[in-house]
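What follows is chain A paired twice: with chain B in the first complex and chain C in the second.
Take a look at the complex of A and B:
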């Protein structure tokens, strides 16, 4: 099914509102809860995000297996190894300092938390700085391009086996997270 | 309790997935980069350095092929290891693109729509009899491309016939066979 532009404009805010609602109900509008991940005291972020990964992965696999979803039509973003690793580190540092990431800062702001608005301001400033400095860093941003990598391709393993491995890793992670929380 | 049930469901679904086979049989793991027929035509006209591979059978190649295209199999293309911009078309194009992509060739493209697109977009572009000003402006460039490659731009076509029927395409192929 392909949405026309008008349908997409209607669907986007509905999906966005639902996403924000679930983040807030999952407790991810709270900076204390989010920063707990970095101190190994609260693994809510890990659980919510990996539950989403598992649901999406299993859903995509089985919908595709039954011919209801064309996986070849799903966009796979390109991998740029070093710039994305640096970007991830900068993102992690900002996440730790602010206690919120871009999505959860909007949720926190919508729930009336002042720190949410401060983080939204910071992220907009970061976007502006990135764009202004782009002519200076464009060579770096496009370096170490590895193409549209997927795990099955990278590991030379069948798609279904990778699905099983990721599921085992995620559920193992959930068990370890619960034990760490209890001992914290 | 609910968490344990959900974890068990996930493990069962993933366990069966491991033996259920690939969900995308016959389709490459990664969506190939594609180039439109008119963009390719523009690059040929500009004299860009290109390697174009026709991955169809030899009879189809003899009947019609793109200018400068060489007949090849997937193995021929991989053995060639082209370094310049590479364009592929034919049934094996997507698989060949994936194979090239895995070898690190990042400048390969599949011709979107294949030979049919080359015929309808480049050799025989059509302009509707009730075309808008924007459509007419776009057609001017398409017509120039068509003439460059020895095609015949067609004006005044009823809107319902803008996409030619398969029989018209077959006729066009036969007419141009040489």
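Take a look at the complex of A and C:
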């Protein structure tokens, strides 16, 4: 099923188009809507993110069960524990200030939101800043490398059990989000 | 006229199917911050401000920027969003901001937020797309750590940033 490199390049904008379409349809091009997540008034981002994770996780699990997808051929992002924990915290603060993440800043910009372009400009500047400071932090960036480590490996649990647990926790999260929204 | 947004669960399932298609067809997931890395690295090398062998640039200049998978995907994201916004009557040139914020302040915080997000995403090797969505669904430990600290930092700092949005 896997495309050759030329095919993958043709698929890239088509996959992106569908991704951008659903992000905009779901309202994720709106910074005001996204920021509602942090004030417990609008859990749209939470719902979209975790229903997408559940769909892809369950889809990948069952496709591999039926031999339709070789999970070992899919690139799992490598774990670098401490830089990723710190990176996430810095990212979260930036997300709160910007009200958009890198992907949704492109969605906002495409829909005419000028603040989306400001986020895009900031992202370019931020990458430049990182590249310039790289010689000072390269040791930290490469630290606590654990390779392609997955939760089932870490917890010594079967893959399907972790899939089930994540599904239950996410559905619990959806229920709590609805309650919080009602009380807000 | 602003038609209502699609139900968030349906939008999420749509994105999940797209992500699954990416796993099956190209053996990788979705991305966004990687596209910005590729653009900056290519520009840096093009203006001869950096050596292509430099460790921070090298992974992003292996192929020309117009043949970079994430850059092409990200162009698709913009086109898809443009189409969707146009068809929904949501296309409008404006600065979207909180009720108590001037347009200038909003632009400044958007820029600052972008800088922080890029730095964080570079440290974490991915953003909401490459880590939270793609790695999250593949049960990568680092991706779930990233999701955890992203939400934690957002909620911890939210009271301080209240004036931006409320």
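Going forward, the second predicted complex is superposed on the first by the 184 of 184 C-alpha atoms of A that agree within 3 Å, B and C clash if a C-alpha of one lies under 4 Å from a C-alpha of the other, contacts with A are read in each partner's own complex, and residues count from 1 in each chain.
FYI, a contact is a pair of C-beta atoms (placed from the backbone, for glycine too) under 8 Å apart; a residue touches a chain by one contact, two chains touch by 3 or more.
Everything quoted here is computed from the prediction, not taken from an experiment.
Student: Name the contact category of A:65: first (chain B only), second (chain C only), both, or neither.
Tutor: After superposition on chain A, A:65 lies in contact with chain B alone.
Student: With both complexes superposed on chain A, which partner does A:120 reach: first (chain B), second (chain C), both or neither?
Tutor: second
Student: Give one of first, second, both or neither to describe whether A:75 is in contact with chain B, with chain C, with both, or with none.
Tutor: A:75 sits against chain B and chain C alike.
Student: Contact-wise, after the overlay, does A:152 reach chain B, chain C, both or neither (first, second, both, neither)?
Tutor: both
Student: Give one of first, second, both or neither to describe whether A:54 is in contact with chain B, with chain C, with both, or with none.
Tutor: both
Student: Quick check on the superposed pair: does A:130 touch chain B, chain C, both, or neither? Answer first, second, both or neither.
Tutor: In the superposition, A:130 touches chain C alone.
Student: May I ask you to name which of chain B and chain C touches more residues of chain A?
Tutor: Counting contacted residues of chain A, the larger count belongs to C.
Student: Quick check for you: in the superposed arrangement, does A:160 touch first (chain B), second (chain C), both or neither?
Tutor: A:160 sits against chain B, while chain C stays out of touch.
Student: Looking at the overlay, what does A:171 touch: chain B (first), chain C (second), both, or neither?
Tutor: Only chain B; A:171 stays clear of chain C.
Student: Name the residues of chain A shared by its contacts with chain B and its contacts with chain C.
Tutor: 54, 60, 71, 73-76, 148-150, 152, 159, 163, 166, 174
Student: Any idea which chain C residues touch chain A in the complex?
Tutor: Where chain C meets chain A, its residues are 5-6, 8-30, 32-33, 36-37, 39-41, 44, 50, 54-57, 67, 69-70, 72-85, 88, 90-98, 106-155, 157-158, 161-162, 164-166.
Student: Report the residues of chain B in contact with chain A in the complex, numbered from low to high.
Tutor: 3, 7, 10-11, 13-15, 17-24, 27-31, 101-102, 106
Student: In the complex of these two chains, what residues of chain A are touching chain C?
Tutor: Spelled out, the residues of chain A in touch with chain C are 1-3, 7-9, 11-32, 35-39, 43-44, 47-57, 59-60, 63, 68-69, 71, 73-81, 83-116, 118-131, 134, 138, 141, 146, 148-152, 154, 159, 162-163, 166, 174.
Student: Would you tell me which residues of chain A are touching chain B in their complex?
Tutor: Result: residues 54, 58, 60-62, 64-65, 70-76, 145, 147-150, 152-153, 158-161, 163-164, 166-168, 170-171, 174 of chain A touch chain B.
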